[in-house]
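Below you'll find the structures, each written out as structure tokens.
Each of the next two complexes has chain A plus one other chain: chain B in the first, chain C in the second.
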Partner chain A sequence: MLFLNKDNFQRDVFLGLLAWLILIIFYFIFPDPGIHDIIQKVFILGLFAMSLNILIGYLGLIAFGHAAFFASGAYTLGLFLQSDFVLNLASFSIPVAMLLAVLVSSILAALIGVICIRLKDIYFSFLTLAFQMLIYSIILALVNITGGDQGLMGGFPKPPFLGIDLGKPFDFYAFTIFISIITIVLLRQIIESPFGYGLRMIRDNSERPAALGFSNQKHKLIAFIIAGSIAGLAGSLQALLDVGAYPEWAFWSKSAEPLFMILLGGMHSFLGPLMGALIFEILNDFVTANTRYYGLVLGLVILCFVLGLKKGLLDWILIKFNRK
Partner chain B sequence: MEIFALFDCIMSPACLLSQAAGGLKIGMLLFLVASGLTLVFGVLGVINFAHGALYMLGAYFSWQIMSITGHFGLSVILGALGVGIFGLLFERILISRVYNAELLVQILLCYSVVLILDDLVMIIWGDEFLSSVGVPEVFQVPPLFIFDAIIPPFHLAIIAMSFIVGLILWFIMTKTRFGRLVRAAAVNPKMLEALGININLLRAGVFMLGSFLAGLGGALAASVGSVVSGMGNSIIIESFIVTVIGGMGSISGAFLASLIIGMARSFGAVAMPLFTDGLMFLIMVLVLVLRPQGLMGNKK
Partner chain C sequence: MLKLDKLSKSFGGILATDNVSLELKPNSINAVIGPNGAGKTTLFNLITGKISLDKGQIFIGNKNITNLTESEITHLGVARAFQITNIFPTLSVKDSIKVALLAKQHGLNNMWNRFKTHSINNEAESIAKLSGLTKSYDTISSELSHGDQKLLDIALALALKPKVLLLDEPTAGMGPEERWKMIDRIQKLWKKTKMTVLFIEHDMDIVFDTAQNIYVLQQGSIIAEGTPKEIKNNKKVIEAYLGGGKK
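Coming up: the complex of A and B.
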């Protein structure tokens, strides 16, 4: 297997399960629903940011339309669970809906990616932005299907499966974190595989891999599809959490959020974007509790990171730690 | 899609003319803002994501000056100048630090300024919509009827003003020493520096000019629409579209692209009211796929 030939797979699985168990215990030590909500969101948005970092951190492509896939995952899941398929599938509805959300997002990423990867630098960024806004416009225009600017209204059922009832807060918490951790472990395998190192090589010097007989375009496209699929998964989890889907999730400012997280956490360490999501969410929670001017504070924090630290927090910590 | 509505409109002189005039107004206002963005990109190589926030600032400044002095012309000119000075400080204090930084760093720096300014104007002017500055008294006359098309005279004035500003810009860029230096700086800044030109001053001047144009667009927009925090967030995306379609760094390209987008918006509103924005992005995608350097841009 191209993706699974790193011998520390078992170690990662072990660490992942350990983290999951710790967070489960955490749930009972701190029974505050506000804290549970933050942790869930950190994982959902962390997945979103980590998926974007495949392109930004490992491939050096500044994709500015990544929320398109987040939204496609959310809308696919929502529309499927609102449809009559739920009556027939009953308890399998949610796993099928999530698989479908990932599948649709990966197909969309393949279609958009195959066109975008032909361009470089700022032109790539602009084309991803244009596609995202095109999808946003389509969501707004198809009022009969998507509910237009109101979003997917009326909610949808969440039938229990395998004894998991996502209507219950604990089940949702454990399920979301479990799915996220599995995805992160798999992503780690991809990033540490020869394929992953191929991406870094393209980022650092695009001519060398081409001279070595590498297909740069194929690598870029596969990375784009993987990134889109994981963003779709994150979107489907967000839709399950909010029992709906909203057009703002496809607006360009939604694509800026994972960029902030990547900046805050660090783009050169694997878990950097996840840490960025943690900082982002804690900041969000803390600031909105104290002032209405969230943008002002977030803007100042970003300014400090851009001009002061010049790298994400985890990147900075790892560099400090390695120096000792 | 109501393609027949579009057909009917094109066949009726009244509808055709009023839509064309509307499109021209949208396009020319957009050109004011987008020309500043493309100028800054062409010379400084920075995608100024905060350009829309400068536009918003122009609207607030002119609203404030209008409420103090009550003089329309003064409010527009001083509002735009104020944004120019703000832009100068912004370039010296922040932008000048990231000229050699990665694209992501530049985007995030500018975006953080957008977040800060959006909240600052709410702190200063409150988060309610401010009602528009209003049309000056000279133009408070019944609309013109040309072939039964209803055309407000003030819209014609906006079109004329934007056109004149475009001409002045063209004159500055092609006929003056400053313009020649600016164009030279876009091609080879190091050489210019070696020849003894103060490149920092030149960059600051260009950024100030770009900010002035954004402020001017905002000040004029304040006279026809309400003023609100975040009003720059849609104009910035439209300016990006214009910049990309016209060719990044090309002012004549921005002019052509602004006209295309203005018409697409105006006639798109007749043909497919729900998909007018989508139409713009479709054009942007097509241009990027078929001719990434833009209609008037140079192939690199």
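Coming up: the complex of A and C.
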């Protein structure tokens, strides 16, 4: 198939839709709800991890407060669906709520990013962490709005739109994966565009671009905003899945999860973090079913990857495959 | 083409650049020599706006570029290659040159095209050819030989189509044979592109063979300038730099 050899946007859209169709067929071949649940979560968390990898893998900035945007997306969606607007908008409320979640997360990312990107290395990491904990504290403090440490209480309605009823398991499964895949295809376009190579350039050598007449700061800020928006989208999907939002989603340990996924799957291959999310979720499911010592097992697995493969699984596979 | 008017810069009481004035003719090739710590690289940093001036003015043609930012000065036609190779380790030669070309054209904000199939490919190829990097065009930069990394550093500067090219020790860390190859390449470049070139070099044979005009720096100030012949016979220079074998 000559068409598939061309690395362009059309091919990615085709492959994305193909993957979606295969996963839809998969749904009917394996009717176990447990498996469906894992696949949905892999895409939601994979989206979260891939958004973080824009910063880590392509820009070389270790952001440690990425969950702030995940949480802002989740809370924005939840709070909007709890408000009276839902009644007015009726069937459009979920799409509007998701757009708002992305918008609010991107504005938050712009505000936090404009300050953080001035710093490098560990200072950047710690400042992003500090902002995240600020968001966490705000969520806990505004008990009247956010429900404080209980999380968003009382749930929210999920009115059907365009014939999609997210209350039904199949609709939710197909919708979540569809949105995730579209986002991944768009993200790939950005990563493979001149803009994406600008990110790699800054990662490789942050001094030289100025001597090429290029300003790093604007580029870094745009990347930070894109990463924050996609994390917000992932958060909004998670909120739809759980019909709620919880302050733990803004806690620092939530920022460590996508980091683990990136380490497990690989930061140098585009789909590495998604594969990391798959490993993470399977481990989560398998290990928690058999032992209480989940953290210990996860730690050992990460050690094996870091010391054994010295890279994420997909990175390792791709290098192995290319050498043959 | 490039005119420096009484530049001064001090770092914590030490005068690194002391009242330096010079004027490069269009399409000339010129060298800066001087012992270690004479302020040669500092002078380049001042010209390119990497560090700010204390006093003095800089002109490109008739345009005053004093106190402009590094990026602005680059867009006005001054490009440099660095003493310690300053490249993009994980990008291939091809991708590095393309990135440099796009940086100059403000093309790196584009999110809707694919970088790999971007129409800039032909231009990148001709710059690689000009720099002698055709053979290693698809090699990852960190896997290049030292000499080719130096060439890539120069190629990145060439991608900016500069009027003035500053080369900071283009032959640093090379053996004698490699040095001459490099300087040959630079001479060819200079003849083809009609740029104004200013280079820093330690090898006196190369300097006397290549430069039309030589500036001798010592402790931040120019103690002599002239053609190779004039410099060879200048007493001050012999005393300060060429003679005695002092370093």
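Simple rule for what comes next: the second predicted complex is superposed on the first by the 317 of 324 C-alpha atoms of A that agree within 3 Å, B and C clash if a C-alpha of one lies under 4 Å from a C-alpha of the other, contacts with A are read in each partner's own complex, and residues count from 1 in each chain.
The working rule: a contact is a pair of C-beta atoms (placed from the backbone, for glycine too) under 8 Å apart; a residue touches a chain by one contact, two chains touch by 3 or more.
The structure displayed is predicted, hence computed values, not measured ones.
Undergrad: Determine, for the superposed arrangement built on chain A, whether chain B and chain C clash or fit.
TA: Chain B/chain C on chain A - fit side by side.
Undergrad: Looking at A:143, would you say it contacts chain B, chain C, both, or neither? Reply first, second, both or neither.
TA: A:143 sits against chain B, while chain C stays out of touch.
Undergrad: Look at the residues of chain A and decide whether chain B or chain C touches more of them.
TA: B
Undergrad: Determine, under the contact definition given at the top, whether A:164 touches first (chain B), second (chain C), both, or neither.
TA: After superposing on A, A:164 lies clear of both chain B and chain C.
Undergrad: Measure off the angle at the C-alpha centre of chain A toward the C-alpha centres of chain B and chain C in the combined model, and quote it in steps of 10°.
TA: Computed angle, apex chain A: 80 degrees.
Undergrad: Is A:263 contacted by the first partner chain B, the second partner chain C, both or neither?
TA: Once the two structures are laid over each other on A, A:263 reaches chain B alone.
Undergrad: Is A:197 touching anything from chain B or chain C once the two structures are fitted on A? First, second, both or neither.
TA: second
Undergrad: For A:96, using the defined touch cut-off, is the partner it touches chain B, chain C, both, or neither? Pick first, second, both or neither.
TA: In the superposition, A:96 touches no partner, neither chain B nor chain C.
Undergrad: Between chain B (first) and chain C (second), which does A:122 come into contact with in this model arrangement: first, second, both, or neither?
TA: Touch partner of A:122: chain B, not chain C.
Undergrad: Can you work out, in whole Å, how close the C-alpha atoms of chain B and chain C get once everything is superposed?
TA: 16
Undergrad: Within their complex, state which residues of chain B touch chain A.
TA: For chain B paired with chain A, touching residues are 47, 94, 97-98, 103-105, 107-109, 111-116, 118-120, 122-123, 233, 237, 240-241, 244, 248, 272, 274-275, 277-278, 281-282, 284-285, 288-289, 292.
Undergrad: Spell out the part of chain A that touches chain B in their complex, as residue ranges.
TA: The contact residues of chain A facing chain B are 56, 62, 64, 115, 118-119, 121-123, 125-127, 129-131, 133-134, 136-138, 140-141, 143, 148, 252-253, 256, 259-260, 263, 293-296, 298-300, 302-303, 306-307.
Undergrad: Can you list the chain C residues touching chain A in their complex?
TA: Residue list for chain C touching chain A: 48, 50, 69-72, 74-75, 79-80, 82, 86-91, 95, 98-100, 102-104, 107-118, 156-157, 159-160.
Undergrad: Taking the touch rule as given, give the residues of chain A at its contact with chain C in the complex, in rising order.
TA: Within the complex, chain A contacts chain C at residues 7-9, 189-190, 192-198, 200-201, 203-205, 207-215, 219.
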